[in-house]
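Both of the next two complexes hold subunit A, though its partner changes from subunit B to subunit C.
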Partner chain A sequence: MWNQNKRTICNLLLVAALILTLVLIELLAPSTSMWFSVLRKVCTFALAAVSMNLLNGFTGLFSLGQAGFMLLGAYTYAILTIPVDMRSNVFRNYGDSLIRFQMPLVPALLLAGLIAAFFAFLIGLPVLRLKSDYLAIATLGFAEIVRGLVQLQNFGPVTNGPDPINMFTAPKNILVYAAISGISILIIVLIINSTYGRAFKAIRDDEIAAEAMGINLAHHKRLSFIISSFFCGIAGAMMAMCNTSVSSVSFTSAMTYQILLVVVIGGIGSISGSIIAAFIFYASSEWWLKFLDLETYTDAGAKIPLLGPGFRMVVFSILIMIIVLFFRQGIMGTREISVYDGILRIKNLFMKKSVKGGVKDE
Partner chain B sequence: MSDVILQIKSLNVRFGGIQAVNGISMDVKKGKIVTLIGANGAGKSTILRSVSGIVKPESGEILFEGDNILGLSPDAIVARGITLVPEGRRVFPNLTVLENLKMGAYLRKDNYDEDLAYVYRLFPRLSERHWQLAGTLSGGEQQMLAVGRALMSRPKLIMMDEPSLGLAPLVVRDIFSIIRTINDNGITVLLIEQNANMALKTCHYGYVIETGNIIMEGEGEQLLSDERVKEAYLGKSKAK
Partner chain C sequence: MNILSYLIRGLATGGQFALVAIGYTMVYGILKLINFAHGELFMVSGILMIYIVADFPMLPIWLAIFLMVVLTVFIGFLIEKFAYSPLRSAPRMSVMISAIGVSYLLQNLVSYVTGGLSKQFPDIPVIGESIRIFGVKDKLTVFLSPVIALVLMVILVWIINHTKFGMSMRAVSKDFETSQLMGIKINRVISITFAIGAFLAATGSILYFAKNTGINHLSGANPGLKAFIAAVVGGIGSVPGAVVGALIIGVVESLAKAFGLADFSDVISFALLIIILVVKPTGIFGEKTTEKV
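Let's turn to the complex of A and B:
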């Protein structure tokens, strides 16, 4: 038990250090710094990846409907937080918006999650009877249908049809994003460590045995699907804030695959893995590798070969392949990050003892 | 009739055109060990799965303590006090031993510390390894975990589907002595076995099943000495 306490304290310290770093970046970094846009995106997609991990990694349901639920969340949030006097301007092609009030940020976020969760409940009824690949195809289809429906002219007064929605509340402060993402992830972690979470993992490990233990499969799968979609909706709302504009064209299945990639790179079944992978993924694709897309010349005026538009994605894809080759289970596997275990390992390394990575608590 | 805890009446189960169980009727008396023996594909597992609600039978009746439980969902059946130890152990490999045991008590809202202590007393090995992932246990230990996990729901009737499958002879003996201990503690056991010798020695009453029909029944010792059983399941030829 004592070791367990030490482990918890070390992890709390890590979280505190992370928060401190974010505060320092917010206060000290120049306003043009890439840190801001990258960290906003990392917070958003860390939450999206963790919510996908709850479903794919912890319950064993292979769903690809993330883009659809994020779209629902993004639209709900955006539509509800446009200031009243801006509405006629945003919805000018459709006369005026049907909704004539503005909600504060937090209730709008919650509603974004709830709308996504409600749709998850509806499509979960038929779709969750399917297994593995078939479930993936059905949920992928759902995401595409939602994207198509939102663009319909008939829904114009509510969704602004194919035109983008903007002018809604979009905070710039990265601490707001970190708070929304952090609180949501904390709730997901608490769920995973509860009896429900254990039941999810049991279903993932062996459906027949789980059923024999008296776990109601349909009920628990639906529950996991709804919770995951709720947080997906919130991640969608955060994405709306990031982009300061919402348009259905940005919620493609390619985005779902990106999230899936983050989950796989981080480790299917590891929350901290998803967060770390989200950071590495978006920091390198949006920032660290950006220079590869620019045509660069040496002092002598000679063009450096290969550098140019599109080359970034080539390097990035190779990097992903390397990661997948060397970390077959993703960066974290199914483990969670533990500062205490890390310190122990380094200590043992110096004392030249053989080490075992096992987590034994007594 | 009050001493019959489980009564199956003319049970029919069909899988896509194949009659797996063909109008079987049988009784399990309270506090006894009852065994079903028979070759592969005889329909033994199907009977257990029907009782636990995982398989939906075509017709028939399954009475548990006098109530028809046919058509109830698996969780409702577990809640009534019937637990299945599935074939091939089926522990949750990525959960620890302790988490596996807690899953067994999933439907219970009351305190189960006492049952945990009881399971640890039965299987001291599980107590030593409670933090270990179940997937890293040996076959015998996984079988103990599967039995312990089933006991955590505090069942009135425990059904075991081939607990000796793929285990070393010494371990099989341990498992059977555990089955007797569990039974001595008042839990009725319905057992399926390929190891007919061991099963018939352990049980109070046995049924021999062949292609979906009961072809023989009787006390364990009686079946053990029956020529036809000997020939078919105990590997002794008639000529001897």
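Let's turn to the complex of A and C:
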């Protein structure tokens, strides 16, 4: 019990250190720094990945509908937060917007999540009866349907048809993103550690056994699907803020695959893994590997072969393949980060004796 | 355009999707894997054709096509060897993720090579020429596609049902371990399955891109997804099912265009997918499976 407390305290310290780092970056980094755009993206996709992990990693429901739910969230948020006097300008191709008011950020975010959750409820009624691959296909199909419908001219006064929506509230401060993402992830963690979370894991490990133990399969699957979609909707709204413009073309199945890759790299069934992976994924694809896209010359004037536009993504996808093939567990496997266990492990390393029960997978 | 020409166009697209769909369905039948990279392979074979024709202009077109098909089959074989066979004993989800990784890699590779630009597909003589049948004037590829798809399907079904190799394929799809015990080299069977799938995708890509000329690194995603829907609608695992499903999808989309619902055509095919999955998850030709505890 005492160890458990120590663990919690250590993890809280880690979170505090993270927050402090973010504050320092926000205050000290020059405004042109890559940190800002990368961290905004990381916060967004960390939440998307964690919510996907809740469904795929903790409940064992292989769903590929993330892009659809993110689209719903992004559109809801964007439509609701355009200032009233800007509306006729944004919706100029469709006369005027049907919605004539502006919402503050937090209620709009919540509504973004709720709309996504509501659609998850509707689509979940028929689709959640399907098994593994079939569920993946059906949810993928759902995402494509949503994308197709949003673009329709008939919905123009609400969704602006195929034209992008912009001019909505889009905070720049990374702390806002970190707060939204952090609170959402905290709630997901609390859910996973509750009785519901245990039921989800039981379903993942063995549906039939779980049912035999008295878990209502349909109810819990639906619950997990709705919760995951709710946070997906919020992640979608955050993505809208990041890009300052929303257009249905960006919510393709390729985006779902990208989130899935983040989950896999982090470890299916590890929250902290998803967060770390989101950071590594977006920091390296948008920043650290950027130099691969530039044609570089040596001092002698010779061109370094291969470097050029698009090479970054080739290298990046090869790295992903290596992880998928040879490090199937991802960075964290199903473990969670724990500072206390880390300290114990280092201590053991130095004292050269093994303490039993110090490092335990939970 | 009258309704008949829309119908024929629909059958043509359906025939082209069918060739891709067979690849999905065969791989799923044997490995229980949704080969997400198959649509990208389809696109890569189109790109290969462009580069072969551009780099070796003196090559006769039939030789260029032959070379392209051989290369595509080889790539299909390589994908299986490097990305799927190491994961033979891994959970199904890992293999599926590996497939997604491969499709990501192929897209990025092609984008790097082409600079992300759309490339013009070369003119293929004979099938690119316009002719008039039943009062409908269109390129020959349009009339030829469903016929070729059906002929190849019949040949394939014959191979599966009446040859020794077909028998080993059926055995492997039923049970890996038992068929291994019966002396079947499962890795060889799987490789050949992928090669057949790649061959059909290459054939499909010639027919498809001969009328839709521009290709870029994203051109494979939509046909791939459609072909996959077709395979599911027809009953994944069944070769005739894939062809029937593809023809249905092709005709439905074309008719949607005929009735002025062009924006809606994607939505209709995905809606069809979900309805089929909910009403009859195993598709039109699929066999019912029961899960054992």
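For this structure, a couple of remarks:
Basically, the second predicted complex is superposed on the first by the 350 of 362 C-alpha atoms of A that agree within 3 Å, B and C clash if a C-alpha of one lies under 4 Å from a C-alpha of the other, contacts with A are read in each partner's own complex, and residues count from 1 in each chain.
One rule holds for everything that comes next: a residue touches a chain if its C-beta (ideal position, glycine included) is under 8 Å from a C-beta of that chain, and two chains touch if they have at least 3 such contacts.
From a predicted model like this one, the values you see are computed outputs, not experimental measurements.
When the shared chain is aligned, no partner comes close enough to touch A:Ile99: not subunit B, not subunit C.
Of the two partner chains, neither subunit B nor subunit C is touched by A:Leu175. With both structures placed on the common chain, the touch criterion links A:Pro126 to subunit C but leaves subunit B unconnected.
In the superposition on chain A, A:Val339 contacts neither subunit B nor subunit C.
When the shared chain is aligned, no partner comes close enough to touch A:Leu110: not subunit B, not subunit C.
Of the two partner chains, both subunit B and subunit C are touched by A:Ile208. Contacts of A:Phe142 after superposition: subunit C is touched, whereas subunit B is not reached. With both structures placed on the common chain, the touch criterion links A:Val158 to neither subunit B nor subunit C. Within subunit A, the residues touched by subunit B in the first complex and by subunit C in the second are 208.
The touching residues of subunit C, counted against subunit A in their complex, run 32, 34, 36, 82-83, 86-87, 90, 92-94, 96-98, 100-105, 108-109, 111-112, 115-116, 221, 225, 228-229, 232, 263-264, 266-267, 270-271, 273-274, 277-278, 281, 291, 293. Listing the residues of subunit A that touch subunit B in their complex gives 195, 198-199, 201-202, 204-206, 208-216, 269, 334, 359-361. Residues of subunit A that touch subunit C in their complex: 56, 62, 126-127, 129-134, 136-138, 140-142, 144-145, 148-149, 151-153, 208, 252-254, 257, 260-261, 264, 268, 308-311, 313-314, 316-318, 320-321, 324-325, 328.
By the touch criterion stated above, subunit B contacts subunit A in their complex at residues 52, 54, 73-75, 77-79, 83-86, 90-95, 99, 102-104, 106-107, 131, 149, 153.
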